[in-house]
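Each of the two complexes below includes subunit A, the first together with subunit B, the second together with subunit C.
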Partner chain A sequence: MAIYLLRRAVTAAVVLLGISMVTFALLHIMSPSPGRDVLGLQASRASVAAFNRAHGFDRPLISQYLSYMNQLVHGNLGYSYKLNQSVDALLSENAGRTAMLVGVSLVIAIAIAVPLGIFQAVKRNKAADNVVTALAFTAYSMPSFFLGLLLIDLFALRLHLVNAEASQSTSAFVIFTDPRSMVLPVATMAAVSVAMYSRYQRSATLDQLAQDYIRLARAKGLPARLVLTRHLVRNACLPMVTLIGLSVPLLLAGNLVIESVFNYPGLGLLFFNSLQSDDYPVLLAYTLVSGALTVLGNLAADISLALSDPRIELA
Partner chain B sequence: MTTNAQLLPAPAADGSEGGTAAAPTSGWRLALRSFGENRLAVIGVGIVVLFVLFCFAGPHFYHTNQTSVNVVNSFQPPGSGHILGTDGQGFDELGRVMLGGQSSLEVGLFAAAIATTIGTLYGTAAGLAGGYIDAIMMRFVDMLLSIPFLFIVLIVATKFSSTVLSLGLILGMFSWLVPARLVRAEVLALRNRGFVAAARVMGASGPRLAFRHLIPNALGVVVVNITFQIADAIIAVATLGFLGFGLYYPHTDWGDQLSNGVTYLTAGYWWLIFPVGICLILVVMAFNFIGDALRDAVDVRLRRR
Partner chain C sequence: MDDNVRRIVSPGRKIPLAIVAVAAIGAAGCGSTGHTAAPSQSDGYAYGTLSAQSGTPKAGGTVNIAESPGAGPTYIFPVIPGSANSVYVMFQFQWQMFRPLYWYPTGANPAVNTTLSLASLPVYSNGDKTVTINLKPSYTWSNGAPVDANDLVFEIDLIKAAIKENPSDWAAYTPGQFPDNVLSATATSKYSVTLQLNRSYNPAWFTDNELTSLTPLPSTFWNKASATGKPLNYASPANATAIYNYLNGQSSAPATFATNPIWQDVDGPFRLKTFNASTDAYSMVPNQAYTGPQKAHIAELNALSFTSSTAEFNQLTSGQLTAGAVDPSDLSQVPALKAAGYNVYGLPSHGFNFIMLNFLDKTDDVNKILGQLYIRQALDHLIDEPAYIASKGIFDGAAAPNYSSVPTVAGSPYNIANGTTAPYPYSISAAAKLLTSHGWKVVPNGKTTCQSPGTGPADCGAGIPAGQAITFNLFYSDQTPVNAVQCTAFASAAAQIGVTVNTEPKTFSYLIQHFNDPAAAADDSSWAMEQWGGFSITPYPTANGTFNSTGSSNVGGYSSPEANTLIHNSVYGSDPMAVKAEGQFLSTSLPVLWLPSQDIIWAWSKDLSGPPDSFASLTQEAFTPEYWYFKN
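Entry: the complex of A and B
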């Protein structure tokens, strides 16, 4: 186990290093002269050059990369010249709210998708299964922003049940303190994930239903309900462990869109605003953070699958 | 994964495998038949054909002014003179949907074509090379897959998303990773098969092996993937357009139109949102249907062997 973990950690570190190089190089191509982005089009060529020199942006790319990485390992993610704030502060200010939004929606999505997928598999090809499949397929084919718009139009503008805009509070726990403003963002994020997860859960359950141990459990006279709860559920949920770990980039992308639609002040909205103001230090830092989270998600998926399934041998 | 090599007509170079006993129903024809038996797939193809006609032939029958702004005529509700009403600039909404559909479909197809081409070539090269070259090439793919697609595409799109061509290029250049993985897995399974060994013994070069023997046999996976690529690209275009990083005026796409319509959601101008949204969902769903059915068709063919 220890050797396996060590090897996976080394691979993850190499991938992280690669991500940092690619992202840094790409952002450099997009913004070769940060002085121009910061000072604007009116600034003279001399003052742009002076800015670049003062902040070390005139050095070779390799040297800029190395000093950025040096700062990074010391916990400094850069400085947003547009917002006049350190990127560390910006990210940590918003991270809590985004984590709550993603976390709560993910828990709700899993709580709905897992039983739903199992239900569909048990009722395979009957009316109920077909209806749910059709709904899931529609939600899956819909851009998440459009689903958000539909919900706003129906529940906020026509029925006046909830607020159209997310809460602007700075508290991370706003989801629980102001549900009227937060129902729609959470529901939209959850719905998109449910559509994806329930499809996988359905096919994973179908795979398990065809196995011999299920037939044996039925043959020995175990009631159908107990066959499900005692034997099927645990095995059918194993693929979900991996799927959730692998869906980190999708969750982050979905979060970016939904925070922009509902104007929810979190990391996604910060990224969106930074795109509009060409605030490259923030873009670079959040892309690196999301890459790191993706790698961690993959790692967590492998490890938790290995822990929860004793048949998997670690090598 | 096993493949359909022996069901295909033998390539010309493989005289040893072809002979006169060629099967009358080729693998592709079997796949086509099982595809045709799938009702959803036929509906999917029907929807796609319908939308291609609607978007590209439609403007020739339904003439609208989509170039000069006419503010006096803005926000007309559906009905008299304008079947779907007009938008904030006074453009006819039905004609606008056709125009936006053109660019959405074009970008989707173009992006999928680029992603598939790069992915197929890269995956074949990695699988054929094998060993540490393969390992390095695939770790590079793993690494790029760890950077969320939307983030990278948005960053690049802030500066280079003005035209159909550049937007398709951006999306295609960052979505070749999955096809590369799929093709590489196919090639790894194929490269140890008899017909590849035979071609090698006859002195076939690397490129000849790739283009005459490996890629044609891996096409099933590629074709299935293309449809999903198109669906994903159309959603991505719409998302970029909605966030304001899509095509520039006077070009328009469905996401851009939705984004404009949202501004007037509270005013009750539903015709600016629902027709476009329904078109978007239908097209994406149609491509997903086709992809699912193609995957089943390829699988079924494998099972029949």
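Entry: the complex of A and C
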């Protein structure tokens, strides 16, 4: 296991280095003169040149990259000249709230989707399965901004049961302290995930139901409940472990649509706005952290699979 | 920052750019926010009507007002760097706390508001080379110190220190202009400052475009280089640099904006109570020591941040906002908004929109073709501004016609004759006739070609060979559907006279980095036309820097000796009305193809009232909430 982890760590470092190089190069190709973008069309040439010089944008690309990597290894993610804050501060201000929103939505989605998928598989092609399938397809195919607006219109503007916008508190735990303001964003985000996960879970469960060990358990006369809980569930959930592992980057990425519709500033919106304003330091840091989380999520999924299924060996 | 053109307006989004100037000498006394007169901008093109002041003021109450999505303030020190500058930072945030030397606009009219300004209008002498500024003795800082001449000199010294470190550290800076053109700034008495200029300047231009960028600062409290440092003599450049660096550093810590005692010493009607560094939302409470013309009625001003116009509109319709802007995409819901208890009103910002032409593009002889005035006239005949304004798919009535770099504003002394009348009205046949009369064979929906090369009055023009077709690429910003629809309509009309216009969307960032840098000659021949919105400009609306041959923002390379002379007169002449001739000439000379100016629309609760100008100014993104009150 230790050797496996070490190998994966080295691989991860190479991957992250590659991500940093590609991202850095792409950003500079897309935005050759950040000073012009930041200062605006009417800024004088002298101001633009001075800005680019002050931030090192007039230096050769390789020189800029090495400088960036140097500050990165010293734990400095840079400074956002658009937002007048360090990138570290920007990420930390938003990460907790985003992670909490996405995390809670993810947990709720899994808590609903797993039993729902199993239920559908067991009731395959029955009326209940067909109804849930239709609902899942409807939710999955519906754009989340549209679903969000529908929920706002119905529950906030017409019925006045909840607030139209998410809480503006800076606390990451606002989901628990102000549920009236957080119900709709969490519900909107979870609804699409439930639809997707339940389809995966249904499919995985159907695969397992066709396996010999299930037939044997039934042939031995085990009650259906025990067949499901003791034999089926653990094996049927293995694909979900991978899915959840791959969802880890979402904790950082957030959801631009949800954040926009429900006025919940988070990392997704930070990235989007930075992209529009060519805020290099934020874009680079965000991409690197996303890459790191993707690598970590994959690693966590592999380890979780090995722990869940003794037949899998990490080597 | 080049002269008077201050920010780009792209329908649906404001691009934060520096704002400086303003003021119209001739507009002195034209009204103030405190007046109850009707707003001064042309009501003929207003969206909705402005309600009259009503009810009796009730002390207290909280106004929840929406920040423009993604455009919250990030900088509090009034010497604003280019990277942080915008109307939202300056008008809506800083000026509530730190009053400018000369306040603008007056309602929706882009004119100096003498009532709200810290000084009387400047006096020019010595052949317009000496400027005397008399500050009003009635203003004080909240620590009790007077707002005096030293405070203005202090700011000028800090500006010099800022641009010495980096020209981009003061957004209003253009090399050769303020403060480069000031030989000396001297406090000649307790409340008088005398500026000696390096040459004569048009008084209207200097007041509008230079002096309005100044904000006196508390020279007896901020004159230190650390929190516990001793007072420094800021006349010393080294000390001024140290002070600037300290204040700039303090302004780079948004989390401390509301707690740092530096920013609590204000001369405006409000002081900062809270600031959320994560969202840029903030709240303000009245400055009890304010000595200006109107103390605040309300108890608190909450500026709320929004991630999108959709989120903001939801809050408006749910009644959670006292005031907020209405995005053009929400126009169809305005009746519902009114029914929910809101006043709705809009006017264009003071500026002009256009399709930019590239006179330097050598591809397919575009430079030669656009160099011909008759071709530009023909192209302008293809733009149907009234139809664009009326179209539900474009402006849906929320825009005003525009045919010049000098916007038509009711009450403005700079209005040009027939400013809202198209010099080349929409007419396909007129456009075709202009081409045929100059030697072109017009093939509707085909390829019009030059049949008569040469420079005679009936020929195509210099450098245009026989058989040459007219083909342009037109890049437009994809920020809003309005840009796409206008460009598509123009291209469709062009096809009817056999002119090919290939439209292509690009991000705004791409456009300004690749096409809009006059120094980037490599891109000269990669575009023929572009459209991303327009400029919002100062009340003295000279196109200096934009349409003069040597202007650093003359991205299309338009060059006209006559325009150069007229623009020179606007900046250096003695006639304050010189800009009218400039605007009249540019209207017909067509350095760009004119497009309508989109309205900026605001909604505010009917429970809120105040002088009409205090609401009309919202359309120019300026706040004067001290005049607002909840009705008894």
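Just so it is clear, the second predicted complex is superposed on the first by the 300 of 315 C-alpha atoms of A that agree within 3 Å, B and C clash if a C-alpha of one lies under 4 Å from a C-alpha of the other, contacts with A are read in each partner's own complex, and residues count from 1 in each chain.
Going forward, contacts are C-beta pairs under 8 Å (C-beta built on N, C-alpha and C of every residue); 3 or more make two chains touch, one makes a residue touch a chain.
As the structure is a prediction and not an experimental result, all values here were calculated from the model.
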{"item": "Clash or fit (per the criteria above) of subunit B with subunit C on subunit A", "value": "clash"}
{"item": "Contacts of A:A46 with subunit B and subunit C, given as first, second, both or neither", "value": "second"}
{"item": "Which of subunit B and subunit C A:Y264 touches, first, second, both or neither", "value": "second"}
{"item": "Contacts of A:R36 with subunit B and subunit C, given as first, second, both or neither", "value": "second"}
{"item": "First, second, both or neither for A:D278, with subunit B first and subunit C second", "value": "both"}
{"item": "Partner chain in contact with A:P223 - subunit B first, subunit C second, else both or neither", "value": "neither"}
{"item": "Contacts of A:E165 with subunit B and subunit C, given as first, second, both or neither", "value": "second"}
{"item": "Touching partner for A:I19 - first (subunit B), second (subunit C), both, neither", "value": "first"}
{"item": "Which superposed partner A:P179 touches (first subunit B, second subunit C, both, neither)", "value": "neither"}
{"item": "First, second, both or neither for A:K82, with subunit B first and subunit C second", "value": "second"}
{"item": "Stretch of subunit B penetrating subunit C in the combined three-chain arrangement, among 27-35, 45-53 or 63-71", "value": "63-71"}
{"item": "Footprint overlap on subunit A, comparing subunit B with subunit C", "value": "30, 145, 149, 152, 157, 260, 276, 278"}
{"item": "Complex interface listing, subunit C residues touching subunit A", "value": "1-2, 5-8, 15-18, 70, 74-75, 82-85, 166-168, 171, 173-175, 251-252, 254-255, 276-279, 281, 304-308, 310-312, 314-315, 317-318, 320, 507-510, 512-514, 516-520, 535, 545-546, 552-553, 555"}
{"item": "Contacting residues of subunit A [partner subunit B, same complex]", "value": "14-15, 18-19, 22-23, 26-27, 30, 137-138, 140-146, 149-150, 152-153, 157, 249-250, 252-253, 256-257, 260, 271-272, 275-276, 278, 283, 286-287, 290-291, 294-295, 298"}
{"item": "Contact footprint of subunit A on subunit B as seen in their complex", "value": "139-140, 142-152, 154-156, 158-159, 231, 235, 238-239, 242-245, 255, 258, 262, 265-266, 270, 273, 277, 280-281, 284-285, 288"}
{"item": "For the subunit A and subunit C complex, residues of the former touching the latter", "value": "30-33, 35-48, 50-51, 54, 81-85, 89, 93-94, 145, 149, 152, 156-157, 164-165, 168, 170, 259-265, 269, 273, 276-278"}
